Structure formats: structure tokens, C-alpha cells
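Note that chain A is present in both complexes that follow, paired respectively with chain B and with chain C.
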Partner chain A sequence: MILNLFRFFAVRNLMSSPVRTLLTLLGVALGIALFSGVSAINASTLSSFKESVDAVAGKSSLTVSAGDAGFSEQVEEKLKKIPGVRTTAPMIESKAYYRQKDGPEAGKTSLITVFGIDLLKEQSVRTYQTEGGEVIEDPLEFLNQPDSIILTKEFAKLHDLKVNDAIELASAAGSRTFVVRGLLSPTGPAKAYGGAVAIMDIDGARVNFGKEGKVDRIDLVLQDSAPGQPEVKAQVAARAREILGEGYQVEAPETQSDHLQHMVGAFQGMLSFLSALALMIGMVLVANSVSVAITERRQEIGTLRALGATRAKIFFLILGETLVMGSAAGLLGALLGNSVAHALVGQVSQSLASQSGMPIQVRELHYSLREILHAMLLGTSVSVAAAFWPARKAMNIPPMAALKARGADLSGIIGESQWMKVIPWLGAAMLVYLFVNKLTLNLSEPMSPALQALQPALGVIGSAMVAPWVIHYTLTPLLHLLKNSHGSNILVLRMALENLLRAPSRTLSNVLSLLVGLMLVIIVSVINISFKNSVSAWTTKAISVGDMALSSNGRVVAFQVQPLHESVLELIKKTPGVDLSNKRPIVVMRYMKVNYQGDPLVIKALDPTSDESGYPYIDALDRTALEAGHELFSDAHDSVLISENLAKRYHKKTGEVLELDTPTGRHPFAIAATIRDFASPNGVIYLNRNALKKYWKDNLVTIFFLAAKPGVNPVDLQNTFNSTLGKTHGIVTILNTELVGDLINVIDQSFSFNKAVQLAALLVGLIGLLNTMLVSIFERTREFGMLRAVGMDRRQLSKMVLWECLAQGSLGVLAAVVLGTYLSWLWVTVNLAQALGWVIHFSFPTSSILQVFFTGVGVALIAGILPVLRASQLTIRKALEHE
Partner chain B sequence: MNILKVQDIRRSFPQPSGAVEILKGISFEASKGEFISMMGPSGSGKSTLLQIIGGLDQATKGSVQVEGQAIQSLSDQALSLLRRRRLGYIFQFFNLVPTLSALENAALPALLDGKSLASAKPRAMELLQWLGVDHRAHNRPAQLSGGEMQRVAIARALFLDPPLILADEPTGNLDSKTGETVLMLLQKAVRERGHTLLMVTHDAKAASYGTRMIRLEDGLLHSDFPISTPHGTLPGNLQ
Partner chain C sequence: MNETSSVKTKSTPHFAAATLAILAAASGAWATELTPKEVMSRSESSRKVSEITATCKLTQTTKGKDAKLKSFQWWRKIADNSLDYRTLVRFTQPAAVKGEGILIVEKDKAENEVLLYLPAFKKIRRVENQQQTGKFMGSEFSYSDIATPHLDDYTYSGGKQEPCPGKTHSGVACYLIEAKPASPKIQERTGYQRTMNWVRSDNFMVAQVEYFDLENSLIKRLEASDIRKVDEAHSKWMAYRTEMHQLKTGNSSLIEFVTAKVNGGVPESTFTQQNLSRSE
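Up next, the complex of A and B:
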């Protein structure tokens, strides 16, 4: 019987309302597409990075490294002697920047990872094949020509390069020309980082990248690769740590991928969360659509019940219909998800690369049959889950009540139940809990991952649950005001608003469809604006010591540049127009990543400057900048300044000691002050560069900040640098204003893909509103006919429907502004601080509130066009006959 | 004085098998103060004729004049105004606006005309009192009984004192006792206020409240005769 019911009623019902079925299907499909697309991007990004790490690791089981500064090449000898180590392979791994000279992309900078390798030792770890399929076996030619570089075929093709072409890469001595000696086929390390890799001789790399006498990593191939290897690996790793001491990381390749996951986890989590919200809007749409379908078919269901269909059969009939629609939506969503993934993958991987400072390129997007099946299953599950409650309502329709439906107010079926009274209280409790949690939260205490994930979800669900109050407490006083006004327009407006209160569930689902999408716009905008304001205010202060920054070619704003030899400072000093006074000194900075308690931290090592400067680049929080700077550069003892996020994360404070692991062992540093710095979510340490030279044996400089002499226009000085050091050494000069602009661009870029998510969420909201408005018109056909019969003209009827749409749009805007601002305040001050470790100041999103207002009202207007047309074109006779 | 003149009204509906003619040329006139009961079997075309007279539907051929004005030539806007100001409509299912109170429902034609509720209130209260539902003035339709709803609907129909009132099965959804009260109120409206009432009904007893009977059969006017002794006496409180 159930199959017959399904065949005769469920399928035919779906087909009988093609517009509604199509709109619902499209809404759910879009939600699924976003969710599946984003999941595929996240998974592909991590698996691409893992593949890269594995490709570079080759046959090695362990890798020894010590941060950006590298470590002495003599370490290799110690490692070789460890029992169980078969062979070792040292490597220089440098992030270089290639600047396209000609062609349509001239001037564009591309990151390329250059591996400096010892070919004699490499063969036992990694294999490199040239274009012709030959393995590079003759290292002599390679070694004899220090300007030799081998690119991958992929990179060469992308940048239109051939064998024997000359390319310029940033080196420690400035820009340097290399000759392409060969092209690698995509096997082994050539597959890493999307093919943006190059190899050169290790000695050449040392000279070129300022790593004389050093290596960046040593890969260990162990003796036993068969049974018992885990034990050997563990023993070798333990022994290596013992011999090398603190300051070195001895890791298996898989651990390196875990680091990336740790770094980008918060970002990927945010992305997943936003896409899950789009899916949630899709669920609201299904619940809404099924509810109105049941309302329309109340008599049909009543008849079936009267003819002997059991409650369970009605329940499964409704779920069955949703199952068909959900499967179709899942399939469509799966196919669209592939397009979404392809459209967004570039932006997302670029954002991840700029955040992590790692060369992340997705070579292959994994969107296979498995992902399609997942999406289909997801579509079916969320649709059925969303239809569960309406289906329960349908099965409880008593046969007689349903059969008496003619002429009765049909909104009862989706009308207010006892739950509607309880739900806002529950929602309010969730929001109050978040507020109390915010007040009592100790940011230095790490929040459990479960709670981190739960809080945003609680915020959104709580907001959705209090939405009935927003509707009620906005409409009721408004109606009270309107009662004392007169005029046919006011009457029409009043009737429109009364209609919204009359069917609270329908109004709620319309408002919710918009609310979630608009809240997304506000939350993302607030995070973006707060982030931008906090970071740009801090950056402006930090670089105020000078007028411009000089570095080698690359992404200066993220410090992703090849560091330079400190000798470049002398060349800079000789340039006329540079202020060499103590008041505005040249600030010399080495930026590098180090490991602290398993987390990547950033060190900013600075050359001592005189107290006369006042150290404006130090944004000290618990002391004056002068005191902090004075102590940092004091010769009395080794000092550091630590960022507030580091202080909170690791429970450190001024006056205490911070022990840092360096390639020369563990060293204590007195904490001279706590400062504000946004360079790393884990924390930033300011160090005297002399200490860096002493303990890390690193003499390189990442960036020079300097000022123009009084009377010299900074732009003129920039031009001077461009025509001198720019030409001879490839040095890039960026004015402070440009630097802040670049920074804002980077932040905007990180948020740009969110636009797509917001757009999709709004589209789903638009579809939801259009769907329910159309159904609402259908439901009230008879009422409209009556109004027309007693003298309401078409224009008045159209206005009434339009007012309903606009009022729902405005309610969506109001709820989104109030709840979205509240939630984003919580997220900026609590969740972001917890997830990223930064203390960001909340900025009120004035511009995005305007944007949300126009978007919400615009969406409501668009959604209203068709219903208004339908309502105005009603034939009174037919409308009065409508049941 | 002729309030209504119906001339050779024809109405056909297109069907896949060819046009079906529901009204095949109906003509009659109604004077001020007449209570016409229109009867006929299902499908005889009585509701269609009422809708054409009320400007809710267009005749395929023929003309309808209300107070000498031909309604076929009126624009949609003018028809809306005619329905609002010169016609009163009473439905079987009351069709009150659920979001408005009884008072506001009664005053709806004036409110649609842009009048304030304050200015419409005395008239609405007078009618509600006259119909015996003034104590329910501030209740919404959902809080009223069927008879009360229909009395509010009558108040709405009478509000702007239209010369012609059209009623489509006004007692069809009421129990017999309440239905009788409603019919007597309609009768009272015709007698005391001089309206012309055209009522479609299936029920011979309801029809007997009228002063004239028109019977349709197969889309044709089968008979048209006066009722010599109209039925009904209102309960004391409503007299």
C-alpha cells in the first residue's frame, strides 16, 4: 500500500507543483554544492600538501630541521653515526620568488621552492627525471656551473621558459641570474607544490641563499625498511634528539603535514562552518516547503486517513516525497559542488598559502564518485531530517478536521504550537550562556576543540530560535502605532503586517532564510573589518619609524621574501636622501619562524637603535616603548619582548624568563615587555639581532625600514632606490602607504572567497522567500478573491503582498543586524582570540549594515515580484472558488 | 425605480471538447426594495450570474446595468470602486478578514476608501448594534460563531449603504436557527433601509423570505414570480 500511496500521491504531488519543487530542489542543491565543494577543497588542499611533503621526503623516514635559520652542515656527520641510519641527504630548501619579465603577466611574482641538493647523496633518497626520462646521474656538469638551475616542465610551461633560458631569482645578495639547464618530469620531488620547484647544487644554493656552512634539512634513510621499521625509526629519532639537543625537530613526513593542518585548521574550520550555514538555510527551505505542501494537501491527507491510511503511512509518504526530492537535490548539488570546488580552489589555496607561508598549490582536486555519493547522501539526509517535523504534523491531522478544511483558515497547520513559545526562551538561554561565557572566559585557558566548534553553532542556532521574538516584538508595537493612523495605504500595510503575525511559522521560516544569509554577511564583514582596522592601525604605528621598507622581491607585506646579506645595509646607507639620524634610524629586521613547544612562532630580530628614536615600532602594552626598547637592546642580559597572544597562550608575563631552543642549545631570555603584534597567530618574539647571530648563527636581514631625510620627498627617495639598488640588486622599495594598502589587500583576499559563500547563502534565502511567498499567495487565494470582491483594487492587493515581502525582508535585516552584530562581537572577542590567538578589537560594521539593509530589502523585493504579479492577476471568480 | 437591469446575459467557458454555455441569455430587472431569491439546481448558472452582476466575472454577451450604469464597460479600477461603494456582497463562508476585528471588518469598504477608523466607527457600531453583534465589535473572526460572522459580513455589505446587495448562499454554512435569523435580518435590511437584495440559494425555505423568486434551469430563466407572503419574524431583540 505504501508504494501505491507513494506512486499515486507523492510523485504526482512533486510533479503537480513544479515551481515549488524546482525552487526547493535548487535551494538544497546550492547548499549541498557549497558544503561539498568546500569539503573537497579542504581535503584536496591538505592531501596536496601531504603529497608534496611525501614527494620531497622520498625514501626517507625521518627529517631533521631547525627552523628558518637552518643549522650547521656538520650535524650530518653526527646523524650518520646513529645506528640504524643507512644514509643521509642534506638539503637547502629556500622559498624564492620568480618575477615574470615579459609577456602578459610581466611583473607578476611567483613563489618557487628551490631545493639545493647534493646529487651524490640524493640518489638513495629521491629520484629526479629529466624531460627525456633520464635520471640525472652526471652531477659534474651540474656542480661545475653554479648558476645552473633545473625547473619542472610544469613551471617552465606556465612561465614560457625553455632550456638555456635565463631566469632571475632573488638571492641573499639581491637579484641573481640563473640558467635553466634542464626540465624535470613530474615524478619525485618535481611533483611537490604543484610543480613550483627547482633544483640546484647544494653549494650554489648555500651561497645564493645566504646559508654558507648550513643546511635547512637532513633526510635520513633508515637501514631496515621492512618488519620492525617503526621500532628502528623511533630509536633513531630518540637518539637524534638526544645528540642534537633542543632546537632541532626530528620528524617523520606525516608529522610535517600535521603542522599544516594545525596552522590552517581554524581557517578551514571557518570555511566549513560558513558552508554548513548555507546547508542549514537549505534545510529551512525544505522544512518550509514540506509544511506548506501539507497545508495545501490537508484535505487529501484527511481523505487518505478517512479511507484507512495509518498515521505511519502518512508519515512515510511525506518522508518518501522528500527523499525523492532530496536525492535529486543531492545529485544536482554534487554536480554543482564540483564547479564550486573548481571555482574557489585557487582563491582558497592562495589564502592558505599566504596565511601559512607555505607553498600550497592544489595540483588535483579530488572530486570523485565518492564525493558525489557523499553529496547525494547528504542531500537526502538533510532533506529527510528537515521534513521530519512537518511529516509528524501531517500524520497527526485528524480525518474530520482535514475534511472540514473548506473555507477555514488553513494556516493552522503551520501555525503556532506550544513549542513556538518555548523555543525563543531556549534560544535566549543559548545567547545568554555565550555572553556569560565571554565575561568569565580566561583567554589564556585553551578552549576544548569541541567547545570551539560548539560555540559558533550555538550562536547561530540560538539566534534562529530567538527570531520569533524579534518578529513579534517588532510587529506588535508597529501595528499598535498603525492602528491610530488612517488611509487606505495604512490599512493595506496593517493587513500585510497582521498577515505575518497570523502565520508565525511561515513568517519565521521566511525571516530565517534571510536571517542566516544576512548574518553571514555581517559576521564575515565584522571579522574582516575588525581584523583590518586592528592590523592596519598596528602596522601604521609599527612602521611609523620610517617612510618605506626595502627588501628583496616577494610578498613583502607577509615577510615572504628571500632574506638579504646584512652588507646591503651599507649600500642603503650610501644612498643620498636616507635619514641616518638616531631619531629616525634604519630599522634592520630579520623575520623568521622558529619552533616553540611544538608550535611555529615568529621571531623578529632587530638591530639595536638608540633611545633617541623612542622605539615607535614597539607597541608595548605593559611598559612604555622606550623602557621596552631600552631593555631589549641592553647589553646586560639577553631579553625578549613577547606578543600578547604568546603571553596568553603560554602563560608568560613580563619579568619572567622565556627559554628558546636554538641550534646552539636552549637559552634563557628575560621578558622585558608584552607587546601587540599580529604577525603570527601563535605568537611573536622581538629579539636583539645580535642574539640571533650568536645563538642561531644567522646574519641575514629580511627587511629594512628607513626614513627620508628632512626635506627629501619619500617618493623621490623611493625612485632613487628603484633606479639604483632596484636595478643592481632587484631590491624592492615600498612606501608605508603602499605597505598598509598591500596588507589590507591580503586580508581582503583571505576573505574574498567568503563572498561566494555569502552570495550562495543569500540565493538560497531568496529562493526560500520566493517559494513561501508564492505558496502564501496560493493559500490565501480565496481571501484575496474576497478582498477584491468587497472593493479592494488590484493596486491595493499588490501593495499588500509587496508590503509582506518587504516587511519580511526588513525583519530579516533587523534580526540579522541585531543578532549578527552580537554574534560577531562574541566571535571577534572570544572565538577568534581562542582560535587564532590574536586579540582583535571589535569594529562596528556601519558599511556592512547598509549593505545588509539594501541586500535584504533587495532580495525581498526580487522575491516579491512574482507573488505580486500572481496576486494582482487573480481572477476574482476563480479565487472565490478556490479551496 | 430600476436598480438592476440584466439583459440577455450569456456566459460560456472554453473546454477541450468545445465551449460550454452556462448562461444562455438571461434578462430581468430589479427595483428598489425588492428581495429576490434566485433558485435552481446545481449547474443552472445562478452563482455565475451573481458574479457577473457583481462585476466579479465578465459575461460573454449581454449587459448588466446597476443604477443605470453599464458595468461591462468599466475599467478594473472603476469596477473595484463600484463593488466597494455601490454593491454589497455576502458570501456563504463569511469571508471576513481574519486579521481585522469585527468592527474593522464591518468598516472595511470605508477603510479601503481611505477613511479613518474613527470616522467609520459610529456607522459600523450602529450596524453591528442593529444586527445584534455590537458586543463582539472588538473580537476577531476566529472568536465569533458562524452566525455572528455572517452578521458582521452583512454589516460590511450594508456599510456604505449600497443600493444593491448580492448574497451567495448566505445561510449555506449555518445551522437552521441561525440561518433563519440571518435571513430575517436581510429581510429587515430590505424593508427598513430600502436596499435591493439578490440572493442565490438552494434552500426553498430560505428563498421564501424573499418578495420575488427567479428560477434558473439549464442556463435559462425558467420562472420569475412574486412571493405573496414572505416568511419570517425576527426575534424580539432584533426587531
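Up next, the complex of A and C:
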């Protein structure tokens, strides 16, 4: 009985409006696909990183490290003596770049993490295996030859390498040839970082990567380190901290994964939020469709009620119908989600790697049956949730409705008129709250994750809620303006606008579909443009001291390169055409990460230069660059310059002291100035490189900035470097213009994923608009017939419908521009600053607004084509016969 | 044969480098009356030469590949406790390993110290205890195979007699003794759950050893041959050829003495880190 009723009521409805069903299904499926795809990418990224950390940690329970500079190998002896430590394993961890020599990808570089390990100790910590045979054929030969390297089979296969082949990697002395002496199966550390790892003996790694006498980390295997012995671990960790003092991190492997989660959490949150918005648009679509279907079937529902169907039965019939459609949308979304995840995972992991400075590579995208079921469940849940309110309205339709013929009415889509009065006020309150919150914001106080997640949602929901005001307060003055104008066209336009005002719910429904999608476009564009403008303006200023940058091969713009021995400076100085004057000195910089109060900060250590240069690479905020530079390089005391985000985050200001933990202990540095620098979301510290050598025992150089002598063309000097140091040492020379271009590319790459989200959201918006437009024409068939009967011709009717479409599109654009700009301003100045630590300047999205205008109006026109055609083909008799 | 002639007249004297017998037992007692531990005690005694200086070669045969040859100098001297040996190995060929040195200092409680000198880095590296199950010089011998096993490091069982395996021992009866590490630490260092030892009943030199891994699977077999008496006065013996077969892969390693000088005077300073890092 129930099944028959369901077949009669629900299935028949779905089948009788195939276009609407298909559009709704597609819209929800797209939302689900984005949401599921993003969730799968986020989960896979973190689990891949965790797997990498675990693979590298092996059997060790604790890891001792001290930032990029590493620390003395002597520390190992101290650690060995701690009661509870069974064995120790030192490691050098270096990021090298492999440049493909031949083949279609010749010249392309790929990151490879080189582990320098003590092969005479490793067995007790990590496992290295090959399929049969030995990893290293001859350990004695391997150990005694600094060019020995072992690759993973995966990496070797990808780059067509085999045992005894030579490969070139960036080393501290420039590019160097290594010999592949073994291939690893994907077990143990060979599983880490998607297999892009290489193994060297620790002494070879020290020599090649400028870490003589040092280690980057020491792994501790504990006695009785089986699970259930946490107290041993805690005791050893406490003792290690006590012995080593400040400047060392003693961490369990799981803590490293937590760090990554912390670092990329905000970025992932943003992705999830954007994809959730697409899902939200899908929900609006479902609510629309169901409401429309109910209004169309008012008589049918009334008849069922008159025949004895209870309210609950009607309620569940409608929910059941939505459930079927939602499940189908969920399944389609799940399948599409898999494609979305595969298509975007590379971009997302690259963005995350750029942000965190960690070699994140997703080895395996987890999109299994579990994810498919989740997506289906999600599709079903959001559809049912969206249909809940319209279904409640449907169950209240009285049996009398069967006897009373009346036109369909979309008022149920948004709500009752009483609500319509309250909702904009509520939305305005939300937006005002966000504004007040922005004014009272203290960046140095971390915002709770719940509030961080809530704020953007509040912004979008609030904006949607104030949309009725935007419609009312735009259309009313416009009508007022047109009041005294005459002519048939004006009359048609006025009628169109009056129609929109007369049915605010219907208008709002159409505008909302566009509003959310277009707002997304504006928000993402503003963040992108603001980022690009702030960072490129700063970079241009910072590198203006020279004409070009020299470093080893790698991602120079992100400082992800193998640092070089400082002796390379002498070779650079000897190159003809280099300006060696005090006015445009060679700026020698070591870029590295250090730990400050548990957060990773960036140190940029610079060689002292003369005051004559004016220190243009220092973007000082509270002093002149000259004063800041002079004090930084003064011999009187150790000084630092700190970035504004660091100053805000850690309550520091010029004149105070910043205590830094170094491998030689904790040292105070006077803060000489606050500067602008975008290298790290946590903060950047400028340091005299002499201090780095003294306290961190590090004498490597990441990058050299230099200028061509007056009269020498920088391009010619670049060519000279390419043919000399480029060939002998593999050093790359990048002109300032190229550097800024690369930077913009990196930022664009990071946002490319968001653009995909934008596109999908727009598509869902378009489908939504098309759906509601079609329905609104259908429901007004009788009205159109009346208009035609009282003298309106086909052309005028078509024009009126077209005006309505255009006006609604323009309203969507207007609301999106106003509200989107406001929200993105809040996002740039509040959320980004809070979540990522960036203090960037808001850039007005002129080009995006134009883009949004054309997109919005275009989408409205496309959505209006069918309704216009339909309206123009209506005959008076047919229209009046309707219903 | 006296010790001098044994060193200088033979072009291919052989050497049992591994775990067990190197020198022959002097005792003529008949084995049937001996317990397994007594057999092994006599075996230890027969191979206990105070000092050896030798030149050796190591041939590594890997299935499907050309055999690889390494040459090295060998110094070994017993410590004052008449139990622990110090051994220094220095490679002379091929060029890739020339100058590399290994110093093995046996200590009580299975805490052998193994140091490796790498001339390319001018650096001494310590081979951790857990790593001593690893390959010695890339051969099928492990570092722990090279060190001399101490009698008390193992418990013994068995002792039945059977014909010695291998052609070179034909006609000689062997004791078949099972040896198990006496402590988990020794087991960890050696990487073996047990060994089966065929000990010749005439000179108490080991003729063959089978090694079982921690899962009790037979993994390696050592064959000692060319066993010669090198110290007539004290009745000490040496195996001049010792071959280790890796049963899973079919690979093998053969250590042979080219020249050997017994009790010719090896200074204590030979076994210092300073000497180890001396480039030659």
C-alpha cells in the first residue's frame, strides 16, 4: 500500500519533471563531489605525512632536533648515557633537487629528501629492504665513497635510473654527481614522502650537504619501548631536555604530525569551508525544488489528505522522495568526488608543501568504499535536511486544497512574510557582529578553532539573510525613478520590477542562487589579489638592492633550495660584471627555520653591509631602513629585526629583547626594529649572519642577491653566470623580474584549487537559478495569459520576462559585490591574519567585480533563455486554461 | 711442521676466521668420555694462538655475478686475560676500500667493540652491537662470526659422534654439538638462535658449522678446511680456508690465508684507535 502510494506520489513526480529532477540531482551531486573530494584530499594528505613521519621514525620513540642548522654530533654521546635509552641513531635530513638530464622532462627538477644515516647503527632503528639480495652490495665500498647513494625503486623507475647510474643533485658545493649503489623496496623510510627519498651514509651526507661535524636529528630507541611504557619515554624526554638545555626539541614522532596539522589546518579549513559552501548551495537547490514541487501538487496532496492520508504519511512521502533523489545525487557525487580528488590532489599537496616547507606528497589517495558511502550518506542527509521545512509545510495542506483551484506559490521557499521581516535584521546583526569583532580584534590572542570556523559561515549566512533588503532598497528607488518616465519599454521594465517586488520570496530565491556563488568568486579573488599585491610589492622592494639572485637548483622563490658553502661568494665576486660597491653590495642570506615557543619561525641571516647601501632590502615599519640596518649589523650587541606578524603574535616590540634558543643555549637579542616580511605565517627574524655562525655554528648560504656593475646589462651578467658557475657548480641565476614572476605563479598555483571550487559553486548557482526561473515562469502561466488578454503582445511579454531575469542577475551581482567585498575584507584582515598569521593589505578586486558582473548577468541571461522562449510561445487560451 | 715453515713455505695457507676453530687442540684424549662443553673447551684451546700476523684474501661469490676479491692484512693478539682477542684488519685492495680498517676488541659480557676506519672521511665509526649481525666487509660473514666465541657465552648439548662432513675431513669422526647463546644479549649480537657444530675428534678443530636464525631456520653453513698445526710446542691449529655459504641466496664468501706468522710479536699499539686511523 505504502509502496504503491510512494510509487504514485513520489516516483511519478520525479519522473514527470525530468529536467528539474536532473538539474537538482546534478547540483547536489556537484556539491557532494566537491565536499567529498576535498575531505578525501585533506585526510589523505595528513595520513600520508603521518605515514612518512612514522616510516622515518622507525622503532624510535623520541627524536631530538634543533632546527635547520642542525647540531653537534657530540650530542649523541650525551643522549646514549641517559638511563632508558637503548640505542641512538643520528641522521642528516636534506632537501636535494634532482634535475632530469634526458628524456621528455629534461631540465625538470624534482624534490628528493636525502637521509644521511649511520649505516652501522640503523638496523636497530629502521629497516631497509630490497626484494631479495642486499640493499648495498658492498658496504665497505659504499661507506668509503662520498658519492654513494641509494634510491627507492619508485624514484628510480620514475626517472629511469638503475644501479651504478650517475645522478646529479644539488649539494653545498653546487651540483654534484652521485652514483646509485642500491635500490630500496617501499618499506621503512623508503615509504616516506611518496618514495622521493634517497639514503646516504651520514658522513657522505655531512660532506655533501655542508653539515660537517653535525647532525639534524637523533632518534632514540628506548629500552622496553613497547607500548604501555609511556613513563620511560617521559622520563627519557625530560632527562634529554635537562641535559641538552634550550634550543633542542625532544619530541615523539606523533607530535611532528600534530605540528603539520597545526600548520596546514587553517588552509585545509578554508578549503573545507569553500567546498561546504558549494554543498550549501546544493541544499538551497533541493529546498527550492521540493517547495516548487509541493506548490505544483497542492491539489494532489489535498486529495490524498481527503482520501485519508495522514499528515505524517504526506511528510514522510515527501522526505522519501527527496531521499531517493538525495541517494542518487550522493552516489553520483561520490563518483565525481573521486575524480575531483584525483584531479586536485597534486595542486593541493603542492600548496600545502609550499606553506609548511615540508615535502608533502600524497602517496595514496584514500577514496574507498567508505568515502563513497560517506558521500552517499551526506547526499541523502543534506537533501532530507533541505526538504524538511517544505515537507512540514506540505503536511499542513488541508483536504480543502483539493477542491480549491489556485496558482502555485513559491512563498514557501524562503519563508512566511513575518519571518521575511525578521531575517534581514538577524543577518545584519551577524554582519555587524563580525565588524565589531574586527575592530576589537587582538591578533596576539589566538582565536578558538570553533570561532575561526564559525566566522566565515556567519558571514555567508548573514549576507544571505540581508539579501531581501538589498532587493527591496534597490528596486524601490529604481521604481521611484521610473515613475515619471513613459514609453512602452519603460512600462515593461516597470512591470518587471514591480513583479519582482510583489513576489519577494520568489525574487530572493533566484537572487540567492547567484549571490552565494558570486560571493565565493569575490572572496577568493580578493584573497588572491591581496596576497599577490602585498607580497609582490614587498618582494620587489626587498630585492631592489640587486638585479638577480643566485642559489643552488630548486624552488628559489620559496627558499626551498640546498644551501651552499659560503666559499661560493668568492667565486661570485671574481665573476666580471658584478657590482662590488658598497652602494649595491652583494646581499648574502641564510634562510632557515628555528623553533620559537613551539612554533616554527624563519630566520633570515644576512652578512653585514655598509650603511652606504641604505639597506633597501629592509622594509622597516617603525624606523628607517638605515637605522634598522645599522643597528642590526652593529658590533655593540646582538640585534634582530622582527616581522610585524611575529611582533603581534608574541607581544614583542622594538627596544625589547627576544630570547632565541640555539644549539649553544639561549641567547638574548635586542629588537632593533619591526619589519614587513611574508616568508612565514608565524614570523620572520632578521639576524646578523655572524651571530648565526657564532650561536648556531652554521656557515651556509641559501641565496646571494647581487647587482650588475653600472653599464653592464643584468641579462648579460646572468648569461655569464650560467656559462660559468651554472656549468661548474649547477648554480642558477634568476633575474628580479623572473623572481617576482615565479612568486606570482606560486601564489596563483596555491589558489588554483580555489578557482575550481569557485567554478563548481557557480555551476551549482546557475543550475539553481535555471531551476527557479523555469518554475517561476510555469507558476505564472495564468498571469501571463491575463496580461496577454488585456493587450500585452508576445514581444512585450518576452521583454518583461527578460527584464526580470536581468534585474535578478544584476541584484545577485550587486549583493555579491557589496557583501562579498565586505566579507573578503573581513577575511583578509581578520581570518587570514588570525589563522595563517599573515598581515596583508586588502586590495580592491576591480577586475573580479567586472568578472562577477559579466558572469552574473551572463548566468541570469542563460537561465532566462528558456523562460523567455516559453513565455513568448504562450497562447492566451492555453494560458488561461492553465490550472 | 713448525710455525716458521708454516708461514713462509706455503703459498696458500688457509684461515678459519669465523666463530669457531682456528687452532688445533693438543689433547689426545678420546672424545667419547667428554661432555659437549668439554669438547668445545678443547676446541677453544686448540685454536687459541696468542698472536697472528697474516695477509689474507676474501673472495665473494654472488650468484649471477663475477667473483669479487679483496686483500687485507690481519693482526690478532690475545689479551692479558688469555680469553679475549683484539683483531685489526686493514684492506689493501681494491682501490675503493684501500686503507679502510676494522678493529675488533672482544670484551666480557658479549660487549665487543667494533670500530671501522674510513680513510675517505678520515674518521672512525663504531659498529653498534645490534649491527654486528650485519655483513663483515660485505661478505657472508657477520662481524660476530669474525669475533672469537667464548666458551661461557653458550650452552651446549648433543655430543654424538658421526663422520665429519666434507671431503677434506673424510675418515675423521666429528662430535656434533648444539650451541645456544647463554643470554639474550649474546643472541642479539650474533643474530642466531643456535648453531650446530661438527668438531673433529682428532684435533678438536671445527670442520663445519650450521647457523639457525632467530626463527630457527637454517640460514648459513661454514666449512673449514686446510687445517694445519701452526704451533707444535703448544699444539695449536689453524684452518687456512674458511668458506661461508648463504643458503637462501646461494652466495658464498671464502677467506684464505696467503701468509701467516704465528707468535711473531705483535705490539700492543697495533690495536689502538690511533693505529686504526693511520693511513697507509
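Simple rule for what comes next: the second predicted complex is superposed on the first by the 836 of 883 C-alpha atoms of A that agree within 3 Å, B and C clash if a C-alpha of one lies under 4 Å from a C-alpha of the other, contacts with A are read in each partner's own complex, and residues count from 1 in each chain.
In the analysis below, a contact is a pair of C-beta atoms (placed from the backbone, for glycine too) under 8 Å apart; a residue touches a chain by one contact, two chains touch by 3 or more.
Remember, it's a predicted structure, so these values are computed and weren't measured experimentally.
> Does the superposition put A:Leu481 against chain B (first), chain C (second), both, or neither?
neither
> Regarding the shared-chain residue A:Gln145, is it in contact with chain B (first), chain C (second), both, or neither?
second
> Under the stated touch criterion, name the partner, chain B or chain C, that contacts more residues in chain A.
B
> Give one of first, second, both or neither to describe whether A:Met786 is in contact with chain B, with chain C, with both, or with none.
Touch status of A:Met786: first partner only.
> Quick check for you: in the superposed arrangement, does A:Ala166 touch first (chain B), second (chain C), both or neither?
Neither chain B nor chain C is touched by A:Ala166.
> Which partner does A:Asp203 contact after superposing on A: first (chain B), second (chain C), both, neither?
After superposing on A, A:Asp203 lies in contact with chain C but is clear of chain B.
> For A:Val436, decide between first (touching chain B), second (touching chain C), both and neither.
Once the two structures are laid over each other on A, A:Val436 reaches no partner at all.
> Just to be sure I read the superposition right, which of the two partners does A:Leu454 touch: chain B = first, chain C = second, or both, or neither?
Neither partner.
> If we count contacts the way the header does, which residues on chain C are in touch with chain A in the complex?
62, 68, 70, 91, 96-97, 100, 116, 118-121, 123, 125-128, 130-131, 133-135, 137-138, 249
> What part of chain A is in contact with chain C in the complex they form?
87, 118, 120-124, 132-134, 136-141, 143-146, 203-204, 207
> Note which residues of chain B are touching chain A in the complex, please.
48, 51, 54, 56-57, 76-77, 80-81, 83-85, 89, 91-95, 97-100, 108-109, 111-119, 142, 156, 173
> Quick check: in the complex, which residue numbers of chain A touch chain B?
Spelled out, the residues of chain A in touch with chain B are 406-407, 409, 483, 486-489, 491, 494-495, 498-499, 501-502, 782-783, 786-796, 875-877, 880.
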